[in-house]
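Can you keep this structure in mind? I'll have questions shortly.
Labels run A, B, C and D following the written order; every chain starts at residue 1.
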């Protein structure tokens, strides 16, 4: 596919631009018989929605999803599920002057070279707004996975700029604007307020965990489960790094430490992050991603225009000062799409395999990634 | 594809097991008219070959490649190029006792659950030996990319276990067994000798750089160039983390630092690692990967057998005490395959676009990633 | 893909049901810079539209297309083009009684077995209404092919039920409701009027021709150009047979007759139908398809219900008494999509090949297929 | 894929040329645990083998298959199965003079234009010899389908040139060189002897039937089961037409005749050929294909050389005077590959659907297609 379809068996085709009439996606291959309503999808869309706190973009979008097809009398029919989200708060004039300028850190320069033309309105296709349809599709995958395996996929912010965020408890995550697993987020709020004042932005680290995963998802090479996860995560706007399990920490580990020992009760540790040889172990799948600081900042930056002349760029308009703040539901959705895809592959090839699990899989409930 | 084909337009299908009669691959979609001989491919296979120093596995394999199809009178014909490498130094008896045991850190447990049976000889399909065909295919991609764009893809070891390795110069890389960019590798040799003595293993960090990349490779979402690279890298055995450009360092950066400014002479920095909005900028593409310590070690480890009973595993046989040592040509090959694929996609969709580059792309010659 | 995406490089993902809120498609991979407006697409949609004569279904649908994305200031941007067509004349109650019954010749029985449930409103997903988005996508492909190669794709009805239709001239085709290449269609009209009177239906044969095709499209095996065409044609509702060139007539031909001789001025005949070894010759591509009689007829038919009890089915509602009447623009569109796809593949792999054509390609202007 | 891979879940990648060192394929995605030996594959390879009667090419090839991977202790492991067939009877000098000439009816002209160069030895990649690996892969699919559903796929010759062949009984098919379902093939033998005498060739019609097919295989659009079958069949060398069920006969049928009525005991007829709405009905799948006369004949034909000058071509060497004679096992194999693929898709998406068949499926045992 030319890039806009994610997955093969549970194939999500994304379309739209930030300031066009609508964005959306088509999910092809959803198993039939799944109960599905707009409300099921809206939950996660609302978690990702802009304008919900002072720390994110003030663009007002209800992100109301319309199911155009694939559902009959509240059940999926097995045919394509088209999801439509109308854009309602476009302000294209904000961007009129940017058609001729390449904003540093943005896709302006590369789009122009690749396509010979580009839609400059709000970043057009390169806008993080295009993650909304993936969140919608991910909600469908999450629901199916939960019904079939009890799978729960949840994430949290592990660092905001220079501030590492300790893992206190899952229960805090949904109670603050940052998806931070801590009771008191005043430090984070101050940090963001300070950044906005100086017209700058910061990065973030997000951890995502999938609990209750069947053993056996993924294929040896090169569609390893972890390779698919890395692909999905690095495909999210602004992501610059991906780790599975011990990640870069494994470089300095010894084999006698890293290799997770097994007992009749289960694995003793999870340096593998739930994946061995590209295939899920049944332990929690643990992923960590690095999100770069927002490129749209008020501070003046040097750049050039299409004629090659030097210019200074100051970006006003409405932007997230840390795109990582809204990234948690996005990363969850992408992980859900990967797991959904692999669950269907596994049924296709290995439906006849009958191996009883040797032990109950563990949960990530009270530990950090 | 069920996992063994990499790429769509330049599609490499890998087959074989560590101790079966042969391994190999089929390259479908190679442009016609490329001069190609076995020698072109053998160069990189020899760089990856086992048994070339005391720091790697002592298995003796010439890894002699045979071109079975797709080349006529020294030129590629545009039809599938089948490459065959016979295994010659199998010692399957070394592994006979492992059929019933799950080695910690290995794919034994997951293969058994997924497939209901597994080939235990040398890890079967999960062996890093299966990277050899990818190195062979990568050599074809490297050659084509170099002829078309002058692209050079090279890598080096940036850390060996706890030892960070400073970048001194590219010229050192091919002169030592570690692909280390330093003149004196005695520290690394001592470190490895010590590890072998205690029967343990270590991880490594490998950096890979691609110079002379055309602007415009990759697609917005979700086949971003960096997503494809992350997929390719995480698909290599033992890789647990992938970074592009500033990677995890970008979490603590400010937007005013991270976003690479542009001047009429080019980009001022390369935090992007050569990719913006999923599309190549023409700057060097910089990738860094984390390789976990080898799981096969002499030190006793706890595990269970297929009946769920506890066992102690001590792995003898022939193993790399640090699989990262031979990983550099593998990672180069995977990056070459991604770039080749994307170069063909770009011709397919955007062959008519005529944008002159605004400046000459920079090289990575005298800087670290 | 799970069936709803056609093509890989020019990938068209179709969604919707006959009586849902909307139908449509997403075109991913369209080359950038193509001038495109809704009017370009509406032309072919209008040719396929229902309700335009007494010989087709009386369902009233304007089939007005909305471009949701992928076009900026009148040019394609290279990003996904989403096309939406709202359904406006649903009469779902017409079909309420059909949920429990399997109509002979219809997909009711197979959908129910496959998916365990089905949308019975107007055939749901199995309705020929779903060809409208393909006609829309085909219009985009036709435009690009015409601009790049001068390609013209046109079709006509070659038989209506038992009536063979002689080829008189292309100019007649667009002047009657049948796409018949004859000046006087009164025989056809009488035939249809008679059928409607008795509550029966008939089949049709449609021929499609593509003129001005570049040499070299298609790949040896198994994506032969003719294989792709056969796939595309047999994928159209109600098609039961596909021929390329001499088709089934070639069974009784001798090799000395069938093999098209070549002269310095070009091919002497076109038994090949424009394809040799799976690759286009530059001659007109000639395709012929068989369309079965409409299954929805007033005459009573025997069937069973979901409990397995015998029932008698008489189908009222609005139906085409010969679905072949509106099939010509659909078959043209599918051929356009195949050629577009293959044109992009050819650029991807063989852009560097420089072979001058040895002669001018011939046209199909004044001959039948 | 660039054309050489057939299927997605049961993906067969074909490689080789007629006179290169070897031909073969890689099957990726085969379910694990299937008993598989070389003998299982050799049966069908022997049915397709050249040199077994005076009516086919006299090239001597044992077509001995070697399993290089994917099978351990007699069972498939779920990893790629690589199959290798060495070419042993190349006579490349036979073709040396053909490098400069385009043989009428052959792929010479199109390969040269597409790729800019071609392997002329025995037709290179365009040789029907490349169907051997598909027959090998098809044998694996046949075995799996038979074990899972009792599926039997068999074909027969329905016409040899101008001679229609009545269906007498399946038992005759394997007892003559033609796969003809008749007891006495002397008429066919005389016809072929006559053709060889005059240096000409003829076409053939082959029917293929699949019995014991589960209901529900295939997807609505555009991967309809019949579309996939048409693709597979038209991808076989020399095929010019494909019919499903009533095929072109349905053009002149009325709806009241064509639509197969259903009773509590099953379908009353099979005009559908076992497919409704793109999905299998459980009835026998019936396919008919037209095979053009061999293009390589002794009779002189007009053509041109690469410089555009007129030449006369007389083809000596070893050729099948009717490629249709050996086509039956090839067409069976391609149908098996399609059904295998769709069976896995069905498990992937619809494994949870539990609908009991309403009646036993019928067999094609004593009737013609």
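In this text, a contact is a pair of C-beta atoms (placed from the backbone, for glycine too) under 8 Å apart; a residue touches a chain by one contact, two chains touch by 3 or more.
Everything numeric here is computed off the predicted structure, so don't read it as measured data.
**Student:** Check every other chain and keep only those touching both subunit A and subunit D; list them.
**Tutor:** Both-contact set = B, C.
**Student:** Quick one: point me to the chain whose Cα centre is farthest from that of subunit C.
**Tutor:** Ranked by distance of C-alpha centres from subunit C, the top chain is B.
**Student:** Distance-wise, how many Å sit between the C-alpha centres of subunit B and subunit C, to the nearest whole number?
**Tutor:** About 45 Å separates the centre of subunit B from that of subunit C.
**Student:** Quick one: report the Å distance separating subunit B from subunit D, using the average Cα coordinate of each chain.
**Tutor:** 39
**Student:** Based only on mean CA positions, could you tell me how far subunit A sits from subunit B in angstrom?
**Tutor:** 26
**Student:** Two or more other chains touching the same residue: where does that happen in subunit C?
**Tutor:** Answer for subunit C, listing residues that touch two or more other chains: 1-4, 8-9, 14, 29, 32-33, 78-79, 114-116, 125, 220, 345, 349-350, 352-353.
**Student:** Give every residue of subunit C touching subunit D within the complex, in rising order.
**Tutor:** Result: residues 1-4, 6, 14, 102-107, 109-116, 125-126, 130, 134, 159, 161-162, 195, 200-205, 215-224, 226-235, 237, 239-264, 268, 271-273, 275-282, 290-297, 299, 301-304, 308-310, 345-346, 349-350, 352-355, 357-359 of subunit C touch subunit D.
**Student:** Note which residues of subunit C are touching subunit A in the complex, please.
**Tutor:** Within the complex, subunit C touches subunit A at residues 1-5, 8-11, 13-17, 20-24, 26, 28-29, 32-33, 66, 68-70, 72, 75, 77-82, 84, 114-119, 124-125.
**Student:** In the complex, go through subunit D and note every residue touching subunit A.
**Tutor:** Per the touch definition, subunit D meets subunit A at residues 8-9, 29-33, 78-79, 220, 344-345, 347-353.
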